[in-house]
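Note that the chains are named A, B, C, D, E, F, G, H, I and J in the order they appear, and that numbering of residues resets to 1 at the start of each chain.
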Amino acid sequence: MSEPTADLLETFDNPFPQRSYVIDTVCPEFTSLCPMTGQPDFGELTITYIPDKLCFELKSLKMYLQQFRNHGAFYERVTNTILDDLVSATQPRWMKIEAAFTPRGGIRTTVIVEHGTRG
Amino acid sequence: MSEPTADLLETFDNPFPQRSYVIDTVCPEFTSLCPMTGQPDFGELTITYIPDKLCFELKSLKMYLQQFRNHGAFYERVTNTILDDLVSATQPRWMKIEAAFTPRGGIRTTVIVEHGTRG
Amino acid sequence: MSEPTADLLETFDNPFPQRSYVIDTVCPEFTSLCPMTGQPDFGELTITYIPDKLCFELKSLKMYLQQFRNHGAFYERVTNTILDDLVSATQPRWMKIEAAFTPRGGIRTTVIVEHGTRG
Amino acid sequence: MSEPTADLLETFDNPFPQRSYVIDTVCPEFTSLCPMTGQPDFGELTITYIPDKLCFELKSLKMYLQQFRNHGAFYERVTNTILDDLVSATQPRWMKIEAAFTPRGGIRTTVIVEHGTRG
Amino acid sequence: MSEPTADLLETFDNPFPQRSYVIDTVCPEFTSLCPMTGQPDFGELTITYIPDKLCFELKSLKMYLQQFRNHGAFYERVTNTILDDLVSATQPRWMKIEAAFTPRGGIRTTVIVEHGTRG
Amino acid sequence: MSEPTADLLETFDNPFPQRSYVIDTVCPEFTSLCPMTGQPDFGELTITYIPDKLCFELKSLKMYLQQFRNHGAFYERVTNTILDDLVSATQPRWMKIEAAFTPRGGIRTTVIVEHGTRG
Amino acid sequence: MSEPTADLLETFDNPFPQRSYVIDTVCPEFTSLCPMTGQPDFGELTITYIPDKLCFELKSLKMYLQQFRNHGAFYERVTNTILDDLVSATQPRWMKIEAAFTPRGGIRTTVIVEHGTRG
Amino acid sequence: MSEPTADLLETFDNPFPQRSYVIDTVCPEFTSLCPMTGQPDFGELTITYIPDKLCFELKSLKMYLQQFRNHGAFYERVTNTILDDLVSATQPRWMKIEAAFTPRGGIRTTVIVEHGTRG
Amino acid sequence: MSEPTADLLETFDNPFPQRSYVIDTVCPEFTSLCPMTGQPDFGELTITYIPDKLCFELKSLKMYLQQFRNHGAFYERVTNTILDDLVSATQPRWMKIEAAFTPRGGIRTTVIVEHGTRG
Amino acid sequence: MSEPTADLLETFDNPFPQRSYVIDTVCPEFTSLCPMTGQPDFGELTITYIPDKLCFELKSLKMYLQQFRNHGAFYERVTNTILDDLVSATQPRWMKIEAAFTPRGGIRTTVIVEHGTRG
């Protein structure tokens, strides 16, 4: 299967660039594959950001995230990769992603990555 | 259908202007239309502010918000517009709006806008 | 009906004035009347303070608050009035009141007033 | 009945005095008597501290707290007294007690006392 | 029975060392023995850290923690020991462990230890 | 003050008398006075019924219940009286009232009365 | 505005008519208008049924329910009407609708209607 | 200390003996002593009954239950004893007591006793 | 992609066939594809049964369910198919499956299928 | 390690054999080993019974259950074994055990076994 690509992400012009404000988007149905076992992992992504000139479009975000469905990657890498792709597409003033994965072996993990400072 | 107008907003004199205090108003039944698909969107608005000379009147707020019922607008624009209208009507010392929209396509979004600083 | 009076409030000596500490009192059964419609309003008062020389006595607080049962007043005025009366009776180092009223017309309001700074 | 005494409190050596860390202990079954009416009061104590050389032993804490079972004291006094006794026994770098009492006459009260600053 | 050993902990290279980010791991099935009574204790460990060059591997963490299953140790010592072992294995920029133990005798205790500052 | 009267209750024609169906109405803001102490009691009424020819109108129900605001009556009597008045006004196929009162002296009481059988 | 019509409801063949089984569908975003005041009502419909030859299609159900958005009707009538339309479209072995409306004037109402017996 | 006595229980005439209805009373602050260890036990009693000629008075119930505060008895015996005393005092058509005790040694127990059948 | 096959299901001998007892298994991470849109559906399966001679093995159940991950099927068909496969593999005295799917378009659906009667 | 033995179970005389009543005991800290992998399993046992001549003693129950701590057994066998041992020791009029095990591989299982009928 091909690698996930940021090309699917679409944006639209921020309608109020004169004001710094926060957009918080929760995607509770994220799934990828464990690179060790090939077993599916499940998680909830919370993406919070202060847009500058661009906002990401929700339907394209959904399509972008579904690329990871049959893609193998460690929690830490996949979360950092998504942050890099979203930052690259929207150039936000600030962005944070919290990726909370469901338990494996009785242990559950959340990865929290941030670009810039909220200010 | 005509555009929503801030003219419906009514105010009354702040009974304790000598003290900076907070009023927090939650409107769980906000609804507008998606400008792309024409489908209804639902959300909960939380309006928090420190009044200066004027407070907004709750029944007029309700009438004002019902204007968006058959109005098409993106989440980001509608939230910023409501903040602008309420700031214009009441000239508060500080105001914040959190607009939490119900999920679409498994993804849910909250827009947070602020006027001034809480201090 | 007569106006609510602060005379009902009784106090006792703070047993540990040498230490700044916090007392948090929740009164979930506050009720007053809407001055516009005469309909009853319901709410929950949370009173938090750092006592100086005096603490308010709980039973007298209850009697004091019951005076508002058949009294008509806007949310903002009634909350500020109760803060003034309690500050006057106990002269606290700091006091805050959060008055959360039950929904009317699908909208719910909380008024938050403060005397001094918590420090 | 005799007064509660701090003599029942036992301590043990902090196994990691080289590190400042927090111990948080919750005692949901505290009970004492109202000094006015003789009626029992119930509450939950949360004791949080940074130990220095000594930690309190849990079983002795339980025995110490059970002394208040048939002891009459106002909320404010009993909470401050317990803080004084625990500070005296363990000489902590910092300690806080939150005592949340169950409702009486529809009103519930929490007393929060602190020794030193958390730093 | 032999002492728990940190040798079981395995690590892997942090895939994004160029970014300071947070990994939060919850282990709700920790169990050890009370050194006084030999009775089992149960708890939930929450390990939060900012990795530097290394991340701990989850399956090896699980194996490492299972060593405490028949090991007697006080709450305070066991929590500090686990922090020391994890810090030693991964050399993180910052790490915190919250160990919440289930109630004994109606009293429940949480131990919170930290290495470095979150910054 | 005058006795509460069932005259305030208004009804409208059941729009589907050909079908036996259930209407469940919850009134969380009921309040009356204790006949012993004169202190206010608070409670939540849940009225469930299968209408026959008539349904009660909600606004008139609210006005009817507000008559008990300054009326002294024991829990058991007030609940049975309301059932009798609603049965008399609507002649339902079946009706049940659950009246859950808030705690007094640490004890809370619910009175459950029923007219006919649900079938 | 035109009356809501059952023509929008689409069905598909029950894939397992040889087995009696239950389908339970929850629609939390139902809204209609109060016929007295013109104000919007909000509610959650739970539709439970045992299909015979036909199942209703979810997207067409959504379109059908959105017709009530600007339609004025009492709670009791709208719930019975929806049951009649769904029974007419799918001819189920059994069907029940619970319609829970949000509070108005501090009172909330649920209407429960049923076609046939669950057996 | 003397044995608990049913003499403290007071009753009043059932105001609606012509109707069989249910009274449900919850006492969350019951406490007695373990007869083996002398340690306090805590529990919540739920008393549900259909009165015949008499109802028990709540304040006297509270006084009656407080007699067990320093009384040693096994869970099973104390629950059955209270049922016998309340049945003897009120001669109800039906009565049930559920006594839910807080955990001891990680194990929690509820005793459920019943007089007559609910019918 | 190939069709899901029941061949992956493994069983083991019921260790207590002399007693009728219930096994209840919850699989919160079921996912399949919508046959109309190709979009992923998510759900939680609850499988409850009384075994006769055979029990299903949990790891093989997991492997069996993962076959639906990239398989397109309507809710109603997939639930009935899984019941048929599990009944065929284990020949239980009774079995029920509740499949609760996550919301789509603001509507959520649960399908409940049963084999035999619980008795 | 030796097999768990029912010899550890101790009983005491039912103090009210003249009345059929229910005792419900919850043991949330049960742990055994998976016979396949040697990994620990965790679960919560709920034991409900109507005693005849004998009740089981709680401390001995705890000791009895702790024997399974390092014992390997399938969920189904261990639950049936415990029921057999408790029935043998107390000869109850009726007994039920619900054993809810924590998730393994994202799947959680509850085993429900019963002796006699509740009647």
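Convention: a contact is a pair of C-beta atoms (placed from the backbone, for glycine too) under 8 Å apart; a residue touches a chain by one contact, two chains touch by 3 or more.
Remember, it's a predicted structure, so these values are computed and weren't measured experimentally.
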C-alpha-based rotation, chain B on chain E, 0 to 180 degrees, nearest 5:
145
Just curious, how far off is chain H from chain C if you go by their C-alpha centres, in Å?
37
So the centre of each chain is just the mean of its C-alpha atoms; given that, what is the distance between chain B and chain J in Å?
57
Distance between the centres, which are taken as Cα means, of chain J and chain A, whole angstrom
46
Multi-chain touching residues of chain B, meaning two or more other chains, are 28-29, 42, 102, 106
Tell me, which pairs of chains are in touch?
A-B, A-E, A-I, A-J, B-C, B-G, B-I, C-D, C-F, C-G, D-E, D-F, D-H, E-H, E-J, F-G, F-H, G-I, H-J, I-J
Which chain I residues qualify as touching chain B in the complex?
102-104, 106
Provide the residue numbers of chain F that touch chain C in the complex, in ascending order.
28-29, 31, 40, 42, 66, 69-70, 102
Listed in rising order, chain A residues that touch chain B in their complex are 12, 14-16, 19, 21-29, 51, 55, 58-59, 61-62
Seen from chain H, its contact residues with chain J in the complex are 74-77, 79-80, 103-114
